[in-house]
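Sharing a structure with you now.
Naming follows writing order (A, B, C and D), and every chain is counted from residue 1.
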Amino acid sequence: MALDDRKSEFTFVGTRPNRPDGLDKVTGRAKFGADMSAPGMLHGAILRSPHAHARIVKIDTSKAEAHKEVKAVVTRADFADVPFKPGLEGEFWNVLENVMAGEKALYDGHAVAAVAATSALAARDALKLIEVEYEVLPHVTDVDKAMAPDAPVIREGAADYSVPEGMHPNVVRYHESGHGDVEAGFAEADLVIEDSFVTEATHQGYIEPHACLGMLGNDGKGELWCTTQGHWIAQKTCAALLGIETSQLRVTASEIGGGFGGKTTVFIEPVALALSRKANRPVKLVMTRSEVFRATGPTSSASMDIKIGMKKDGTISAAQGVFRLQGGAFPGAPGDMTAMCAFAPYNLTNVKQVGYDVMANRPKQAAYRAPGAPMGAFAVESVIDELCKKLGLDPVDVRLKNAAHEGTKASYGPRYERIGLVETLEAAKAHPHYSAPLKPGQGRGISCGFWFNHGGETSVSLALSEDGSAQLMVGTPDIGGSRASMALMAAEVLGIPYENIRVTIADTATLGYNDVSHGSRVTYASGLATIKAAKHAVEKLCERAAASWGIPTDAVKWENGCAVPSGPNAGDFDPRPLADITAHMGSTGGPISGHFEATPEGAGVSFGTHIVDAEVDPETGKTSITRYTVIQDAGKAIHPTYVEGQYQGGAAQGIGWALNEEYIYGEDGRLQNSIFLDYRIPVASDLPMIDTVIVEVPNPGHPFGVRGVGETGIVPPLAAIANAVSHAAGVRMRQLPMSPPRILAALKENG
Amino acid sequence: MVEVHLWSGLRSLTGGQQVVEVEAKTTGDLLRALVRAHPQLQGPIDAGVSIAIDGRVIATGLTEPIPKGSEVYLMQRLRGG
Amino acid sequence: MDYHSPASFAEASALAANATGITRFLAGGTDVLVQLRSELVTPDTLIDLKKIDGVSDINSNADGSWTLGVAATGAEMSEHAELGRDWPGVVEAMDLIGSTQVQGRATLTGNLCNGSPAADSVPAMVAAGVSVTVTGPEGDREVAVEDIPTGPGKTSLAKGELISAVHIPARGENGGDAYLRFIPRTEMDIAVVGVGVNLRLDGDTVTEARVSLGAVAPTVLLVEDCAKAIIGSTLDDAALDALAAAASAACNPIDDKRGTIAFRTEVAGVLAKRAAKIAYARAKGEQA
Amino acid sequence: MSKFHVSTTVNGDTVEYLCDPRETLLDCLRDKLNLTGAKEGCGTGDCGACSVSVDGRLVCSCLMLGVEAEGKQIETVEGIADGDVLHPLQKKFIEHAALQCGICTPGILVAAKSLLEKNPNPTEEEARYWLAGNLCRCTGYDKIIRAVMETAEELREAS
């Protein structure tokens, strides 16, 4: 879209006001997913497969149905006979199959039946009355084993056009891209390193479990309250799975207790609605933590082979990567994204990347902050670090030498617009952290990271009130303070105080379609939409002023919250403040609102560079992170404090992924660590303060220059920490997490 | 005419060509023209593609104009978290 | 599930003796509730001991020994300055369990009766020579802590029996204790390896020692070879190496989600050395 | 299954409820008293989102039975502010952006308040260890710790 009158001087944008929803969230008043109830409400519970892979021979629900406190029991049969859309296809079918197992249970924790009862305890008790006969099948949970010729087949025919002939049916997508001639490039290199890397699946670990309250009547009209990153996708998916018209289901997003990509799809919502339809009463469903780990969407696990050639001066002459990603029992592992992002920070003449999407008996992977990118960066940036070490080169200098910039042909194809990688590297080099002395036993690592960012379908509506205040309705749930940034952008355009703008997350019945809060798109896309909607309202304000002055509309401009004549020839009139115009709007043409509906296509890619110091106890292999600095290009930071928060949060999650977090499956294919005791996310005493540097290289695709900041921050940490640990321990770590037993074993092996 | 650069994995569907020339004024035109030229490209296009025009990635839009002489890349559909 | 809150241990014992199905006692509840919630163990009878008089008391006896009620919490122990001066290892071991919130509820008795080989307070209690009073239908008996656990999740307590008091011996002169555990994070984890050391000195020489290992066998171990390795020494490098070797040799661990056999065996020796040094320094009055 | 009648005090108010002995204090606060400020993040005492104080002692309300609350004094996040006057911790948390999604915030505020009551002058390390049982997945704890440390300083200066 055309981006006129780009701004670079700001009044409100770039300030750090208190967030509008702060009071509710510090007093316990804010309503999250599990905090809602309704008259006559029932409580649901879901029965889950104890097997990694099993044919469901028979489900007998009669005893549960006979229980007096049980009001409904549902199985897959309650979803399959849908009157409107008999043939669910593609991703809808995958989601349905994941929400409630069909012929087979495909992973430990796969839902097979559900009940609704008069209390949560009664519902849980009733699950024990459901009898399921399973025929246990061979299973596979490891990505490399799932690709092997003798691996159990999870589903025949799931592969698409892209998979080369002869691959195992568990390989369902194949991606290959790049340019130049890598073999020629390797021949030119002074040193070529080829190495292999493995990462385990991790979970987003949002503290709020999935929760919803659904009501669906026999008239096909429904209400759904749920914790989600996108209530329109929840609406669309639930309607499809239940066979009702999309518009008949109104979905309201609760406050959301963290998502990070994991709440971009549905799990329990269609089940609550199906139970409600059967019981004819509202049904609340809340996952336990164990259900969250077993049956929502963790990341892919990955197995990767990297080969990079470098000249003595640090020039990368060729780079090649093979990325195998396991994404659970359904297509969707982002092997293509891993491949496209892995080498994106560098200006490469010869590059080739291959990605595989592989199915295994695990829960369907979901997005997690820059899905696919962190593992690839771990592998690639580890090899670059090793090359620097062997050639005696400074790791920042080498990255600067090879860094992509405006006009560079990206590893995934096109040429870059204006980007900020070089600026982050220069900031890293100049940062006191990079030159600070290290103590014995400590090591320093750096890494760059890349993420595409996303625009997506967006609707925003802004209504002015007679008193001159404004209400802004957006459709992207506020996960990390986005109400504040929306209000800042609206204030900037309208010229009224930040405090005079009330931002509401609208439900699906009161605003047009909105894509999910993902792809770091909220401040970019809802922000752009907010700016456009506010400008739309400003146009109308100018029209009213022009009419009152009896001059043409184009002779009026908007300045500091007032309509003013656009120049000396327009006439001599006193400025009319917004509130002066809105006070009379009812009698001068009616209410004044602005709106915007479109799909902004200019998200602008983003880069970051992280510096980390780690200390390793050589006797136990235990790592502590002693210092951490995040440097990332935000394009333009609308609310810098919340931008810092995104950087710090991404780094902290990366630290967990690098050091201790992992899905651990037993020989039986069951998840062994489905509680926070054993799925070890960082606690307060594990972390240092996390320093941040906000680099601002404006995105040409946004009127204020915004780039998404939510995801890029988790791309560099895995590699930066692996490099720091490898230097501290004196041995290259090729497997994540770098848990103490793995580090100690590596130290022993190294002598 | 627009030169469309494909990702290398698509060469098997275009008889080895990685650059395809088509007549197109918008992103939607471009996808239709690609399928006319190489029917096997319907698969990847149905699976989801994005289009980069002079480095700006159009994630999904089919109405984006393609200026004359711009550099156009077909990419796999981008996804976010 | 039936819930009872008896007024005496005798009453509690009688309730348990007459109960059918699974019976659990509620002291702090931090394990019982987790098991209840996750449906690992849903007791048929739950007997809450916290209404019994004196059950949260921490008393010092005339002979210098200590008697703790079964519901005295980790937080109460940590706040008790004299107890911490006498038995810093026992208090620190208890304090390592869970969060500040868990400390507000968790108890030595609960940690012991849960029967986990990885229970932090148990190696420290074993090293310190702690005993407990067991009340049962036949009356009371004294039992050494190391004789309570018999395997993961199992204890030697018979039906109708429960622990009614914890006895920590008098510290005496020139003694010190310490407990160290290995966890991957800094807090909130279950011990991958735990080591308790309690020793007494005559001058610079170790004259008495008890060394206990956690999370390296089906039950917490009291390792005599470790004690022998340092008794008679001044805790010189050779004695420490012998201690580490004895600790590693005593390990009979498993590979599980928390650690490997090799890791546990190696780190048991590392921690034994580190804990012995702390206990030694404490015995010399060099550090609290 | 028979239920128990419990009388207790929550944020200074006398309240009563009937509960099944299997129900936790957290269940009772949320479902019977409609005090949904305390959250269930794990149900195993590992996340601290359900933190409340019972007779002045910080506990996880998911690790205490509803029946055990009989005769106790319970304080929850809903009782931290004095009417419409926010506690200094609440103000600092807003000013410092010490919350992103806000789900852990009630538990962290209850725990931090308990820390400052016991230790008005904590070191950063003491604050981090005291709050180690309160998981936050959004912030990396940086702004939370800064908010707690600054509140402590402000309260010391005020007293």
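Note that contacts are C-beta pairs under 8 Å (C-beta built on N, C-alpha and C of every residue); 3 or more make two chains touch, one makes a residue touch a chain.
Not measured: the values here are computed from a predicted model.
Q: Need the most distant chain from chain D, centre defined as the mean of C-alpha atoms.
A: Of all chains, B has its centre farthest from that of chain D.
Q: Using the touch rule from the top, work out which pair, A-B or C-D, shares more C-beta pairs.
A: By number of C-beta pairs in contact, A-B is the larger.
Q: Taking the mean of the CA coordinates per chain, how far is chain B from chain C in Å?
A: The separation of the two C-alpha centroids amounts to 67 Å.
Q: For chain A and chain B, what's the span in angstrom between their mean Cα positions?
A: Here chain A and chain B have centroids separated by 26 Å.
Q: Roughly how many whole angstrom separate the Cα centroids of chain B and chain D?
A: One centre to the other, that is 54 Å.
Q: Between chain C and chain D, tell me the centre distance in angstrom, where each centre is the average of that chain's C-alpha atoms.
A: Roughly 29 Å separates the two chain centres.
Q: Mind pulling the residue numbers of chain A that touch at least two other chains?
A: Within chain A, residues 260, 288, 675-677, 682-683, 685 contact more than one other chain.
Q: For chain B, which residues are shared contacts with two or more other chains?
A: none
Q: Spell out, as numbers or ranges, the residues of chain D touching 2 or more other chains.
A: 20, 22, 43-44, 46, 129, 131-134
Q: Strictly by the criterion at the top, what is the full list of touching chain pairs?
A: All touching pairs, sorted by chain label, are A-B, A-C, A-D, C-D.
Q: Under the definition above, what is the set of chain A residues touching chain B in their complex?
A: Counting only chain A, the residues touching chain B are 160-162, 164, 174-179, 260-261, 264, 334, 336-337, 340, 352, 366-371, 410, 412-417, 452-457, 516, 518-521, 599, 601-603, 605, 700-701, 711.
Q: Could you list, by residue number, the parts of chain C that touch chain A in their complex?
A: 38-39, 182, 184-190, 192, 256-260, 262-263, 266-267, 270
Q: Residue numbers of chain D touching chain A in their complex, please.
A: It comes out as residues 20, 22-23, 27, 30-31, 35-44, 46-47, 49, 76-78, 80-81, 86, 90, 93-97, 99-106, 109, 125, 127-129, 131-146.
Q: Touching residues of chain D toward chain C in the complex: what are they?
A: 1, 4, 20-22, 24, 43-46, 48, 51, 54, 57-60, 62-65, 67-68, 111, 114-115, 129-134
Q: Spell out the residues on chain B that touch chain A in their complex, using ranges where they run on.
A: Where chain B meets chain A, its residues are 5, 7-9, 12-13, 40, 43-44, 47, 52, 54-61, 64, 71, 73, 75-76, 78-81.
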